[in-house]
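Chain naming follows the written order as A, B and C, and within any one chain the residues start at number 1.
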Amino acid sequence: MEDKTLRKEKNPLKNIIILVIVAFFASLTLWGNAYFINLLTLLFLYLSLAQMWNLLAGYSGLVSLGQQIFVGLGGYCLAIMTEKYHQGLALSLVVAVAVCVAFAFVISFPIFKMRGVYFTIGTWIVAEALMIFFANWSFANYNIGYNIRMGYTFSPNIIYLMAYIIGIGSVALVFFLLRTKTGLALMSMRDNESAAEVRGVKLYGTKLRIFLLTAGYTGLTGAVLYLNMVYLTPDSAFTINWTVSMVFMVIIGGMGTIEGGIIGAVVYVIIQQYLYNFPGISMIILGAAAIAIILFLPKGIMGTLHSRYGWELFSVRRGLQNKGASVTSLKDILMK
Amino acid sequence: MKLEGLDVFYGDFQALYGVSMEIPKGKIVSIIGANGSGKSTLLNTIMGVNRPKAGTIDFEGKDITRLRTSDIVALGVTISPEGSSVFEDMSIEENLLMGAYLPDPRKRRQENLARVYELFPVLKEKEQQLATFLSGGQRQMLAIARAIMSEPKLLICDEISLGLAPVVVKDIYRKIREINEMGVTILLVEQEVKRSLQSSDFSYVMVKGRVVMQGLSAALPETEVKDAYLGINKYA
Amino acid sequence: MDLFVSAVIQGVLLGGLFAIIGVGLSLVFGIMGLTNIAHGDIMILASFFIMVFSVQMGINLFVALAITIVVMVVIGAAMQKFLINRVITKGAEPALLVTFGISIIIQNILTLIFNADSRIIKGPFSDVNVVSTNWVSISAEYLMNCLVAVGVIIALSLVMKKTYLGRSIRAASSNVTAAEFMGVNTLKTYVYAMCIAVVTSCVAGLLVGQTFVFYPYSGTQYLIIAFGVVVIGGMGSIVGTLLGGLILGVSQLLGALFFGNGYMILIGYIVMLVLLTFRPRGLLSNMARK
C-alpha cells in the first residue's frame, strides 16, 4: 500500500529530486575527499538521531530528555561484544538493537506512568542512573570504558556507507511510518489526545511501539557513532549532550516535520565544525540560537517556510491534517 | 462605559457582531441573553481577556480596548466572575484581601473588610476557612464581596443567580441594590428575564452575538423580551 | 548499628540542604507550571559568584552572598521577563526548552571562564564537628546547612502566607484569570516568583559550595536532586520540599552505607523513579490538593 501511495504522488519532480540526492551521496564514496566523507558520516548519524527524537517528541508528544540512554547502550553493546567477546560487527549491531529495545520495554512500565514533564525528567533520571551504574560496573570496565579497536579495521568509506544507510533509512522509516495507520493515530493523538482516545486510537500501544522503535534505531545509530569514534566512557556515552544535540536539531529545523530534522542536522553539523576550535562557544551559540528560534520562529526553519510558502519535500502532513476530524476517511487518505 | 461596534472572533467563528452599549454612571444596567448569546464573550472582551477585531471600549473617557486585564481593573472596572472562581486554597479572609490588592483599596482594606462582613455576615463567621469548603451560594457572595473590596467604579456581575436557591438570589440582589446606592455603577448579566428587568434601570437583550433590543427596563415588555431571548419570531 | 544511626542523622541533615535546593524549583513550578531545567545551573552560577567574590576577591562571605543575590536577581528577572514570559502562555514545552537552552549557556559560559576544575568555597564551619563521639559525629557544616535551609523555607512559607506579594503569587497559581481580575499582573508576578526562587538558589549555592566541590557542569546533578525533592514533596508545596529532602537524603546515605559510596547517588535516583512511578504527583499530593 505504501508503494502505491508513493507512485501516485502528484508531483513526480519531487521524487526525482529525492532520487538524485540519494544517488549523489552514495556516489561520494568514489570521489569524495577524506574530510568531506568524515563530515558527512557525522551528518548522517546525527540526522538519524534527529529523526528519531522528532518522531518521539514532535510526532508522538513524548518529550524525552533521556535518549542518550540508547546512544550509550548501543555504544556499550558494540564495545563489549567486540572487545570482550570478540564478535563480528553484524552480530554486535543486532545485539545493540535488541538490548536497547529490551531495555526500553522494561523501563516503559514505570516511565509510561509518568505524564508530561514527569516523563521528560523521568527519562533523564534513568540516563543519569545508568551513567553512574556503568561507572561502578565491573562487567562494563568501570570508569575506564573501552577502546573499540574494531573501528580501526574499517575504512572511512565503509563507515560512511553505514552512516549513509542509517541516515537515509531513518528518513524513510519516519516517512513511511507516518503514512501507515500508526502514523495517523500519532497525528490525531498529538493534535488532540482525549479526542483520539475517544475515537479508539490505542494510545498506550501506539506510544509504546514508537518508544521501542526509536530506542532500537537510536541504539543502532549510537553503535555506529562509537564505531566511528572508537572510544567510549560512561560519562561520554550517557551524557545529556546527545539529547541536547537532538533537541537543537529538531527545534532549529522545525518540530514535527521530516525536513526540519534534515535542516537541523545540516545546520548543527556545520556549526559544530565551524566552531570546532572553540568548543565552549559553539554550545553557547547553539543554546542562544535555540532560544531565539523558540521565541521568534516557534515552528522552526522548516515550519516557518512551510506556513509562509507552503514549501515541503515530504508530504505526509497535508493529507493528514485535513483528516484530523474524522476517522471514516482514514482509508481514503491511504488509498489516495 | 461605552462600547462601540465590537466584533469578536474565535478563530473563524464570529461571536460578536457590532455590539454597542452605553452603561451610564451610577445606574444599574442589565444584559439579558441565553447561553451562547455572546454575553460571556462580551464580558471577557470588556475585561481584556478577549481582543476585539473591531470596535472600541471606552471607560470614563479613556480607551481601554487594548489594555491588559490587570490594568483595566486598576482603572476601577471589577468583575464578579461566573461560577467558582474564588481562590480555593486560600481562606475567605485571604480571598477578600486579594480583592483589595490594588494600592488604593489596600490602604483601606480593614474598613472595607468590616463593610463587606456587614453586607455578608456569613462570610465573617467562616473567615478563616478555606474557600473550597463553601457552598455555591457562599462562593457567589464571596466573589461579590471580593469584588467590592477593590472599591470599583463599575462592578460587573456575571450570572450571580446561576444555580442558587431563590431566597439567596433575592438576598444577593438586595445587596447589589445597596452597593449601587453607595455610588457604584452595576452591570448585571443574566439569563433570567423578569428579575433582570425588575432590578435594573436599563436593559440590553442579546441573541447570537447581537444586541436585538434595548431600552429602559421599566418600559420593555417582558413577553417580548422573552420571545427575543428564546429566539422566537423576528429576532432569531 | 552505629553506622546506621550515623547515616540516618547525616541523611536528615543532608535532607535540609536538599530541600533548599529544591524549593525554588517547586515555587516556580507551582505558580507557572514551568519545569525550570536551568534551576541547578542557576544555583551553581551563584556558587561561582560567591566563590569569586569571597575566595578570589577576599570579600567577607556574607557580603559576597549579598552581592551575589543582587546580581542573580537581576539575571533571574531578566531571564523571566525577556525569555520565559514570552512563551509561558504557549504551553509547557516551549518554556521548558527555553530553560534548557539557558542551562546549556550557563554551563558553557562557566566552563569557558573557569575551566572544568573543581572549586569549593571555604567557610567558617569546614572541618568542625559539633558532636564527636565514638559512634556518631555531626559536622558543624551539615548542621548549619540544615538549620539555614529550614529557616529559609519557613521564612518563605511565611512570606507566601502573610504578605501581599506571597498572596498574589498564590492567587496567580490558583487561577490566573481570577488573579488578573483582582488587578494582579500575573506576568509581573512570575518575575517576582522567579526572583524569590533565585534568592533561595543563592543561599543553596552558598551552602552547597561550602559542603561539596562543584564544577561548571554540576548544575545537572543538583537539578535532578531538586526535581527528586519536589517530586517526593509534591510540585508547588513549599513545606513538602522538607519531606522530600529528608527522604532523599536519608535514602542516599543508607544506600551508600549498604552498597558503597559509588552507589549513593544511584540509590537516590532509583528512589525517585520508584516514587515517580507509584505516586506520580508526589507523596503529599492528596493532602496538598486539600
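One rule holds in what follows: a contact is a pair of C-beta atoms (placed from the backbone, for glycine too) under 8 Å apart; a residue touches a chain by one contact, two chains touch by 3 or more.
Fair warning: this is a prediction, and the values are worked out from it, not measured in the lab.
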item	value
Chain at the geometric heart of the assembly (C-alpha centres)	C
Comparison of B-C and A-C by number of C-beta pairs in contact, larger one	A-C
Separation of subunit A from subunit B, taking each centre as the mean of its C-alpha atoms, in whole Å	53
Approximate Å spacing (C-alpha centroids) for the pair subunit B, subunit C	43
Interchain centroid distance [CA atoms averaged], subunit A/subunit C, Å	33
Touch list for subunit B against partner subunit C, complex	47, 49, 68-71, 73-74, 78-79, 81, 85-90, 94, 97-99, 101-102, 106, 130, 132, 146-147, 150
Subunit C-facing residues of subunit A, complex	63, 65, 109-110, 113-118, 120-122, 124-126, 128-129, 132-133, 135-136, 240, 244, 247, 251, 280-281, 283-284, 286-288, 290-291, 294-295, 298
Residues on subunit C engaged by subunit A in the complex (per definition of touch)	35, 83, 86-87, 90, 92-94, 96-98, 100-105, 107-109, 111-112, 220-221, 224, 227-228, 231, 260, 262-263, 265-266, 269-270, 272-274, 276-278, 280
Interfacial residue positions of subunit C with respect to subunit B in the complex	164, 167-168, 170-171, 174-175, 177-186, 290
